[in-house]
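Down below is the structure, laid out as structure tokens.
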Amino acid sequence: MIKPLGDRVVVKALEREEKTKSGIVLPDTAKEKPQEGKIVAVGTGKLLENGQRVPLDVKEGDKVVFSKYGGTEIKIDGQDYLILSERDVLAIVE
Amino acid sequence: MIKPLGDRVVVKALEREEKTKSGIVLPDTAKEKPQEGKIVAVGTGKLLENGQRVPLDVKEGDKVVFSKYGGTEIKIDGQDYLILSERDVLAIVE
Amino acid sequence: MIKPLGDRVVVKALEREEKTKSGIVLPDTAKEKPQEGKIVAVGTGKLLENGQRVPLDVKEGDKVVFSKYGGTEIKIDGQDYLILSERDVLAIVE
Amino acid sequence: MIKPLGDRVVVKALEREEKTKSGIVLPDTAKEKPQEGKIVAVGTGKLLENGQRVPLDVKEGDKVVFSKYGGTEIKIDGQDYLILSERDVLAIVE
Amino acid sequence: MIKPLGDRVVVKALEREEKTKSGIVLPDTAKEKPQEGKIVAVGTGKLLENGQRVPLDVKEGDKVVFSKYGGTEIKIDGQDYLILSERDVLAIVE
Amino acid sequence: MIKPLGDRVVVKALEREEKTKSGIVLPDTAKEKPQEGKIVAVGTGKLLENGQRVPLDVKEGDKVVFSKYGGTEIKIDGQDYLILSERDVLAIVE
Amino acid sequence: MIKPLGDRVVVKALEREEKTKSGIVLPDTAKEKPQEGKIVAVGTGKLLENGQRVPLDVKEGDKVVFSKYGGTEIKIDGQDYLILSERDVLAIVE
């Protein structure tokens, strides 16, 4: 598996039918084409200028809405993933 | 429901008639096309460089004026919402 | 009424004749088209990186010169107002 | 009179003959067209990220060389003034 | 050998067959054309504004996914290497 | 004379023959057309975000190499000078 | 000789045959055209926002790989040198 660094996370995008069950529809018109997905791995945290390491607000298994804008696509054992910074994760879907 | 992260908020835009009751009219000419709406969820707060987490100035139920500029549109159970940073919320309408 | 957030203020632009009484004329040639107006509401203050909240240098009723550049226009009960950051307020007119 | 805010100053540009007396000639070729003038009012000081307010290095009556680049022109009782940030004041002319 | 400075690392890009063994395929479509490789040397750490030197999150021998975007190519004794900042290293492949 | 503010310095550019004596030749090809000159006045120092004022690394009389890029030209009593930030002074010529 | 200021260094670029002895070949294709050279002088160190002066990671005599991108060319007594910031020095060649 892959372990993201610092304040990055690895997300598995949810397929269409998975999305409709959650009732969330992300209009394609939006400039940043937000997406829904599941967090599969999180980094060690955000390093602040005072040397403190702050754990991320999301954890493995969280269902989230994120903006694809700055992410990096990667395929592992045939499955698509996206590596992105935590600031591109907009909200947790409860 | 969805839980915004960090210093983000979720806003439900007010319909036209709801706006006229509040007496607020937002001219379309303005570059940032400000909007009126209601806060439906707020993030855990803004993380400062000294590690402190500062609660947001707005809370659930506040009626606000905001600039749509940097927001992300999202539809949940057929209702439109906007996820934006608190700095795009300009004022609370009392 | 509306309560601006953080380091923002709400300004009511002065009409032409109100301006000539104060002797201040703002040439249109200037790139930022400065304006004269009155502060009608101020935010809770500027949040610094050390978590301190610094009150604004202007208060309700101050007559000010400001640059329209980054403001957001808004009309409340038929009256035009501008929501802007305190850094766009250049000076107080005594 | 007008009271500049924060780290701003109000400058009255010196007329041509006033300049030649001081021996200072500012070539027009320079990109930023530097100017000579007199400080007529100074702000309360520069606000640092640690909350400290640092008084400005110039005071009322100082003769200065400044770059017009970021200033805002304003006319008060028929006299032209310029509101600019202290960082656009390059030097004091002794 | 070469010793990278500060928060830089030296990476040896993995050949095609080495990559397929790890099951990781990096689609060329991705804007930043992420790559897989091995860390061969790490810098002394990231210097923070408070003077603290923070060791890097990766070490010699780690298999990583990185974005080629800001790196500098260098050939030593016929072998290709890339010098890049740690922030361009996205994740460790376990 | 003129007293530069903050982290600025006043430099008098060296004439051609003065330069060849020092053995320093500055190729015109370089983007920033570096120049040689003498420091004639220095500011009170660089103001840091913690409020500390750090004296400049150069002093009156130092012969220096500097990049003309961000400077402001000024002529005083017929002599050309340049007002620039200390960060545009590259080195002291001993 | 010349004494670089702050976090700058003076580098003497290595001639072609000197480079091949060290086994390092720097492909011209690389956007930033990295170069090999020797450090001939270092500045007093990097000034941090807390007022601390941090000594540089390189010293006189170090063989280094650097990116020419932001440097300033200078010829002293017929010999070419480059003045650059330490952040443009990528690695030390041991």
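Should a chain be cited, it is by its letter among A, B, C, D, E, F and G, assigned in written order, with residues numbered from 1 in that chain.
Criterion: a residue touches a chain if its C-beta (ideal position, glycine included) is under 8 Å from a C-beta of that chain, and two chains touch if they have at least 3 such contacts.
Everything quoted here is computed from the prediction, not taken from an experiment.
Colleague: Suppose you list every residue number at the chain A-chain E interface; are over half of them used by both chains (same) or under half (different)?
Modeller: Under half shared, hence different.
Colleague: Taking only the C-alpha atoms, how many degrees of rotation bring chain A onto chain C, rounded to the nearest 5?
Modeller: 105
Colleague: Distance from the CA centroid of chain B to that of chain G, rounded to the nearest Å?
Modeller: That gives a centre separation of 50 Å.
Colleague: Between chain F and chain G, what's the gap in Å when you average each chain's C-alpha atoms?
Modeller: So the centre of chain F lies 22 Å away from the centre of chain G.
Colleague: Mark out which residues of chain C touch at least two other chains, giving numbers and ranges.
Modeller: Residues 49-50.
Colleague: Which of line, ring, star, complete and other names the graph you get from chains that touch?
Modeller: Drawn as a graph, the chains make one closed cycle, so a ring.
Colleague: Start at chain A, step over to chain B, and keep going round the ring; give me the chains in the order you meet them.
Modeller: Chains encountered around the ring, chain A first and chain B next: A, B, C, D, F, G, E.
Colleague: Could you pull out which chain F residues touch chain G in their complex?
Modeller: On the chain F side, the touching residues are 23-27, 29-30, 32, 34, 46, 48-50, 52, 54, 57-58, 65, 67, 86-87, 89-94.
Colleague: Give the list of chain D residues in touch with chain C in this complex.
Modeller: It comes out as residues 1-6, 8, 10, 41, 44, 47, 49-51, 72-78, 83.
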